[in-house]
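Next come two complexes, and both contain chain A; in the first it sits with chain B, in the second with chain C.
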Partner chain A sequence: MASASTFDKGAVQATGLRERLRPYRAVLASRARSQRAYRTSFALDLGSSLLVGLVELAEVWVIFSNVTALGGMHFNQILLVFGMADLAFSLADLSFGHLDTLPDFLRAGTLDAFYLRPQPILLQLITSDISLRRLARAAVGAAAMGIGLATAGVSWGPRTVALLVIGLASGYATFAAMFVWAAGLQFFLLDGAEMTNAFVYGGRYAASQPASVWSRPLKLIFGFFFPMAFTAYLPAVTMLGLPGPDWLPTWLGWCAPAAAVWSWVMGLLCWRWGLRHYQGGGG
Partner chain B sequence: MRATARVYWRLLVAGFRRQSAYRLAALGGLVANLTFGLLKVAVLFATVRAAGGELRGYDTASMSTYIWLSQGLLGSVNLTGRTDLMLRVKDGQVAVDFLRPVDLQAATIATEAGGSLFALIPRGLPSVLLGAVTVGIQLPTSPVFYLLGVASLLLGIVVSSATVYLIAVAGFWLVETRGLQISYMLASGFLGGLYVPITLFPHWLQIVAAATPFPSIMMYPVDVMSGLGGVRGAADLVLAQLAWLAGVAATGQLLTRAGRKRLEVQGG
Partner chain C sequence: MSGAIIEADGLTREFRIRDGRRRRLLTAVDGLTVRIEPGEAVGYIGANGAGKSTTIKMLTGILVPTAGSVITCGLRPVPDRRRLARQVGVVFGQRSQLWWDLPVRESFRILAAIHALTTAQESDRTAELVEQLELGGFLSIPVRQLSLGQRMRAEVAAALLHSPRLVILDEPTIGLDVLSKQRLREFLVGERRRHGTTLLLTTHDMGDVERLCDRILVIDHGRLAYDGDLPGLSRTVGAERVLVVDLAEPSPDLTGLDGSRHLSSEAGGLRQRLAFDAEQITAAKLLAAVSDKANVLDLTVEEPDIEDVVRRIYAASRSRPYSPAEASRPAASPASSTAMSP
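And now, the complex of A and B:
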């Protein structure tokens, strides 16, 4: 009897949750439809996003056309790092990247409209858009990662699969948290929005590098405070069984989820702080 | 003639002053420049060391010079391809610009160049200074390089504004120029030597880069200012910039005239 009632409660909660998520799903579906409505334009967007990924890959390739190894990694090993980082970043950019437009909302005073709806403002903002074109860039990342996995001498087994899944999921969450973190700071910065580019886009750049080449201050900043080394480099090092550099031992790759949690805590704290600071558009 | 020069000088000063209103933006740019600069130092220094301390004429000191000069230039040259004019062509407001008794191309370039010159103060010089303090850079001793360097820097700024102008006026035919703008953003950064000096490119890619105006925007000014190729090399680069400026400016003038005839202003 008791178990039946818990079951009912669970079912009620599930439908309740589905009901509550329905408006978000409707908005996202409409955004996705609208982007595909103009086929040529969408194809061009996909093409340019693909080029972004390819040019980023070309930067790495140019360096490796001059040297055989960098920071203890060969090109195929770097492809794994680059691929994991870019795949996770592109997917985070696809779903969270539009948080970057918050200063436009703040300047135009249109953020106030979000207050009229009985839903959390951050959740509304996140689900207000989705940039499907970034799928093309994610595909470049996935391809690089695939080639890396196939050629870098990864020993396959449940351990490797677990690291890959944990690494990618945590990487996605960490990058997504960077966008939230940056958005929270935008309430204060407004015109200084570019400051957060240092750790959002600078972070992406850092994530695709072998962290072994970093100086100590960089290890502190992008190894731990903005935990970019945990998004791709460390899981890859653990997967490949390479010796880690100072401060970043090989086993640290397993701690990627902790980095994601830390980023979200910081991101949400900043968001709360920013939102409390916001005084409205005066409309 | 003197009156004309004064008009464009005024526009240049106006651009300079407009940019000076965004101080926090300049600080934001500086923080981003410094962060990217330090990450570039890490990777490119490691590359030079992996190559045995010397890589196609670069040691760590000259690599550092390249990194901080290029980071400093970043706020003053347009590598995104986005301009106000692009939007004005798209929504037809450019018709108002055509009514003014100034040349559209010259006025646009003068205003943009003014903003670029201002950006050197809060963003360009501090980037180079911070790089010099934290990592150290190597500057040429002969004053010739400084003279040529200033000329090359100014040419880089003007070539940059004249090239992004082409994207904006292509809007007379294309209307939506976003695709062109994104292509510019990708090509100018990569072929202009923002990420890796173009001397590190494979030979065929160096030829591709030299066939575009992009190195004139960033790589050549950086090379001239750092005095890497000697006086002769620096003078050649400045000449190449002048040639690109002539080509890009002439194309812009032709496109403006042809586009003006095509412009249809809709609505009343």
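And now, the complex of A and C:
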């Protein structure tokens, strides 16, 4: 096009991936810098995040000081489920959690600024912030998972490593998709942060429980529709070679990536639907 | 490809709003047809809620039109939003697009990355904007600590960093003091001269229109009520300037001066107000005529108030539709909302 600005041509020439990622890197680097700039405040953030993680872990421990097994799992095995779920969730929360600030943007009308920049809205929003304090929470999850792996009687081999990697990666992707899913709904429920928090954090809580204790409706909701059982419980069951409960056979642990894909399809559909609503009806 | 930078054809936007228990259709922009050429400076004025912001959102791909079409910079705003963003800069006077907790310099660096500027482009353009908008004194200060005037200049620089062909400013001078307004206007005039940038601005400030715009669009209830230049606007509505003179001694009313009309006298004629039509007589000539009759100590010239101009345009457009095209549409001008079943 004859009238394209010189900058547009420059952008076309520099099509490398590095160049494509430059906008996101620039924002994220400055966000990370600004969070670490106030050392005391950052340390307090990390500390409080650590405390929350420990309290949740303590809850599991309290339950198991009263019973020896829950849903066919022992404490060490639950520790593995809890750790995997918590690690995957904390990392998703670190990189996607700020999507729940969307209602603030909508109320203040500042979402429009994202429309004026030449990147996809969702990618801009995801990379608009990063919550480094969640690293503390992730550390609690990693520690719990490590202890679980070491003590739950896992037989080490390529199969176990593969399940662990697939489980964590899929768990991360599934939780991340939950944040996108919830954000898409925010376009319709301007004051819906509470409602979507309930299912995002409720989902996280469900993910760190053995799915075998769930009733059938719960298995439908958190086993398949919001596939929380696939983020930690099912990969752990497969890894440990435990018999799966009704509707959730042991081999399903290998299907964690399918759950992640399903969650992303639903999340992106929801997001698209929300964006359409914003451009078409709201504003 | 047509050469126009904005080409709207029957652009319409309706909103469904909840009014108590009933739902209504509110027509925010109603069949807007307008063509803006590259390099023009256009003032887009109208009362609050007349449809200005809705139009801007449709031009930039934020909102999807209900009907009609618009081409901005040769692109369709909604499907080509990302390409369009590289050619358009938008300043929202009341909504910051900067990162409130980052220094101004850092915001510019991020925006340069967002618009994929090369290092040379980034440093040249930043240097130019810093010089022209006098940002040097507060580049390292976080945006949240800036005064309103400083923040607006930083906002304008941020929106113009990628050298857009079209700059849209939504109330750019709102809340600014006289000096800050003046500086910002001078910058925009210079930017347009240097780069041939097209300007579209909404404002409530007649000064903005007079000093920046060579074409005015007035929108009323989503419809175009006037399209032309400023003198033409004043002619259409008969907006008059007012000369206020303070005299040395109480004097009789200064009636019967050519091209002017005596409005009022205060303090027994010490202060008198004379309305005059700028098309017929200059302020200087009128002052000379007044000076022949009385000893003038002080004077001020009041400009026509934009709200007043808009009000007169509205009154005129309702008694006599602006264009035949509009007259043939179903009448819905003042109450452009129609009831819809729940």
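As a convention for this text, the second predicted complex is superposed on the first by the 263 of 283 C-alpha atoms of A that agree within 3 Å, B and C clash if a C-alpha of one lies under 4 Å from a C-alpha of the other, contacts with A are read in each partner's own complex, and residues count from 1 in each chain.
Convention: contacts are C-beta pairs under 8 Å (C-beta built on N, C-alpha and C of every residue); 3 or more make two chains touch, one makes a residue touch a chain.
Since the structure is predicted, the reported quantities are computational estimates derived from the model, not experimental observations.
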Return first, second, both or neither, reflecting whether A:19 touches chain B, chain C, both chains, or no partner chain.
second
Quick one: classify A:198 as touching chain B (first), chain C (second), both or neither.
first
Quick one: is A:110 in contact with chain B, with chain C, with both, or with neither? Answer first, second, both or neither.
second
Would you mind listing the overlap between the chain B footprint and the chain C footprint on chain A?
none
Touching residues on chain C, where the partner in the complex is chain A
1, 15-16, 38, 54, 57, 60-64, 73-74, 78, 81-83, 85-90, 92, 95-97, 99, 101-102, 106, 109-110, 113-118, 121, 159, 162-165
If you look only at chain A, which of its residues touch chain C in the complex?
1, 3-8, 10-11, 14, 19, 22-23, 25-27, 30, 34, 108-110, 112-113, 115-120, 279-281, 283
Over in the complex, which chain B residues touch chain A? Could you list them?
22, 24-25, 27-29, 31-32, 34-36, 38-39, 41-47, 50-51, 55-56, 176, 179, 182-183, 186, 189-190, 195-196, 200-202, 205
Can you tell me which positions in chain A touch chain B when the two form their complex?
41, 44, 47-48, 51-52, 55, 58-59, 62-63, 65-71, 189-199, 201-202, 205-206, 209-210, 213-215, 217-218, 222
